[in-house]
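Okay, handing you the structure first.
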Amino acid sequence: MLHVEEATKAFGGILALNRVSFDLYQGDILGIIGPNGSGKTTLVNCITGFVTMTSGKIFFKGKDITGKPAHKIADLGVTRTFQIMRPYYSLPAYKNLVIPLFSPRAKRTGGWRGGGKLGDRNTVGIDILEEIGFERDSFVPYKMASSLPTGYLKRLELARCLALKPEIILCDEVFSGLSMSEIASMVPLIERLQMDGITLIMIEHRLRELFRVANRVMVLNFGEKLVEGTPEEVMANPKVKEAYFGSEEVEEVMTYA
Amino acid sequence: MQILIYGTINSIALTLMALGFALVYGISRVPNFAHGAIYVVAGFITWTCLKALGLSYFLSALIAILITGVIGAMIYRFMLIRVRGMAISEIIASYAIGLAILEGLRWGGFKGMTYTLPLFIPGSVNLAGVPVDIHRLLLIGIGAAVIVLLWLFTHYTRIGLALRGMAQDERAALMLGIDSDLMALLATAFGSMLAGLAAIVLLPLGNIVVEAGYNVLILAIAVCIVGGLGSWMGAVLAAFLIGFAQILTVVYLGSHYQMVVALLAIIFTLILRPSGLFGQQKELEERV
Amino acid sequence: MAKADRRKERLDRGIKVRSDGIYALLSWRELAYLVLPRLVLIVGLLVLPLVMPSLYWQRVISNVCLYALLALSFDFLAHYVGLVSLGGALFIGVGAYIAALLNKYLGFSIILTIPIASIAGAAICTLLLLPCLPLRGVYFAIVSLMYPLAAMRIIEALNIFGGTDGIMGIDSFPSSWAEQYFVIVMVLLFLFGLRRLVNLDIGLVFRGVKDNDQAVRASGMSITYYKSVAVFIASIMGCLAGACLTHIYMFSGISLFALDFSILPIAATVIGGGGTLAGPVIGCFILVPISELLREFGTLRIAFYAVILMAFIVFKSEGLMVYGQRKYHQFERWVKI
């Protein structure tokens, strides 16, 4: 579905991405992990067109999308969330969704669960929020985005992508900043997205939770792809241990994975 | 040959005008729309010192530069500091200050006569068959000296390095213990002093009029945009580009087209290469 | 750590909650609460020319409304789309010159020149501002500042469009009543139209662009496109004002690119309350008459607006309308801690 070939990005003298290549197949949940500064967010920025690559190519469903502007790439169905959450703070939660529902893609596809035609955007917005976990009958969907707690905001980020009826969602650290119970309730949501046919790339630091949902994992270090494989393969790889942390903590993670 | 000489003169003139603006923007990310106003103020102060107080030219110039530095610092300290970070308010505030000064001068300033500053050294020489005012040659010398001194200052003195650090990344500079407010204050003061210097050097070539303030603002902005907002060396290079372009149009098309050149330069830069020649910020990209 | 033993608390009045968000209007009183301020504004404006028939005041009223159009466009762009327009004079000048040229050289009557000048002018202004729309906000401010200044100098230097003398002998409005009521109606239309617009779905997209334009990009919408639409809307208002201006004064010259038109809308918006759309109109009602009184002082007026503007901004004042709205919608009381 997504074919990334030799993605390279240099910021002045620093090589943030160094010839990273991988493939993403429909229905995958691909986890991307790596220590801080390994280029994970830069990779997402490059794929979604927020940053122009120094060299390399990206293909989506066979079409070359290298260098296309960000909004065109989103229009094709490749959506993303932001690591630093940025909802539209001055608007209520459901109005936050009206904006993506205004996009051409939403008009074409009707948004998540919309059967090809877009109804009244306010109602569709509330429907999506309900699916995502905002309780419908409460006042939560109507609260100002600035007053919502983190768990809801993360779901709102995902909801913004869903409004476009995406093919791919690149999730940049959706689990970060959440408590254990909040993550526990996010996981079924992720699985539901997968069942709906959405392919996901998840950048994460919370390895235990990630390995529960991901079927393949890729490790980046200093901008280079280190390893790719199933979660078990990756965790067993000594190079990963070296890149990430010392030796002892790996044992702990492995027993829970 | 004539083009070469006058081109260089014009370019250095533009550099002098633009460096002050580039300095302030590069360091505090606030466009100092009062730049033109300070330029004119410097001219008036020098004139007052010279004619009304009868001081020597050198002393008047020095006083004017110092006073403009103080004015710049005060602008920062009392106005801009209160609105830093709020983009809309910063822009409006700086614009308002500039307008207040310029229009205030237009009304309440000296009226009646034309005000000029005398040339440093009157007379002209013949350079390869082209007559050039000595003052204009001095201009080149002073301008070149300013560029070199600025380069040395920002590369070899502590304050200069601190200023450069702030220009590159304010947060990192803060973490290293550089007081960003103080630096911005100094930057505004220096920028104003540069504007004052430019005024003293350039105004003798014309009259002291308020219109000059607006012209300087437009030209300084044009140079900075073409060179890349925030890059000092870019401003110098852009000044040469625009300077020569202007002289060429004067020679081949007529002298009224100078402003058009500046305007077109801005538009072309924004369309083709928005970050300018040496722009340090990726204008279209955003680190997410 | 607080030493005080009481604090101020602000609560929405009950009537606001019932009549505003929930629309459970139960009585005439609540209906009046909502409708009355707007009614006062509309009726007040419409009645104004009848109340002040002297020629001097008629001019003032027309001027107030024209500046109000500019102030509306500034407020809309700055507080609902995030673009600070420092050069409202560009819109006025472009609209005025197009109307003048159409009228003088093509003989179009006023019924044609005004609409054509508004729309064609808006298209031209949007095109001129287009290069800086994909870029960060400060570029828009700089470029919009520059255009009127540059336009003045270019027209003067190249001696086109009448040069420094300008274009004279333009038709005026059929009667002074037509003149005033036309602009008043335009102001009311645009004021209420814009207030409606910013709550429509497309208005939300504009506000999204102001809040967080990267997210709008990530949702598959081109921010350049939406910014251009917003600029187009704002420039229609400005060019309309310019076209009306040239017919009122029967003249069009480089003075129409003057800083007056750039800074008074900004000052009016800041004083009247930015973001409310009605505030700038009120601000104009205050500033324009004062500016007329100060006419003898020449361009000191501009310095005066600039100083007021600075004072308001530096002291972070919220503006009259915002203050008024707060008093109207909320009540305050001291609460013991």
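When the chains are written out, they are named A, B and C in that same order, and each has its own residue count from 1.
Note that in this section contacts are C-beta pairs under 8 Å (C-beta built on N, C-alpha and C of every residue); 3 or more make two chains touch, one makes a residue touch a chain.
All figures in this text were calculated on a predicted structure; none of them were measured in a lab.
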| item | value |
| --- | --- |
| Farthest chain (mean CA position) relative to chain C | A |
| Inter-chain pair with the most contacting C-beta pairs | B-C |
| Most central chain, judged by mean C-alpha position against the global CA mean | C |
| For chain A paired with chain B, centre-to-centre distance based on mean C-alpha positions, whole Å | 47 |
| Where chain B and chain C are represented by their mean Cα positions, the distance between them in whole Å | 32 |
| Chain A and chain C, separation of their C-alpha mean positions in angstrom | 42 |
| Residue list for chain C, restricted to those that touch at least two other chains | 214 |
| Shared interface positions of chain A, touching two or more other chains | 50, 82 |
| Junction residues of chain B, two or more chains touched | 286, 288 |
| Chain C residues touching chain B - in the complex, by the definition given at the top | 78, 82, 84, 86, 131-132, 134-139, 141-143, 145-146, 149-150, 153-154, 157-159, 214, 259, 263, 266, 270, 297-303, 305-307, 309-310, 313-316 |
| Touch list for chain A against partner chain C, complex | 48, 50, 69-72, 74-75, 79-80, 82, 86-91, 95, 98-106, 121, 160, 163-164 |
| List of chain C residues in touch with chain A within their complex | 201-202, 204-205, 207-208, 211-212, 214-223 |
| Residues of chain B that touch chain C when the two form their complex | 31, 33, 78-79, 82-83, 87-89, 91-93, 95-97, 99-104, 106-108, 214-215, 217-218, 221-222, 225, 229, 256-260, 262-263, 266-267, 270-271, 274, 283-284, 286, 288 |
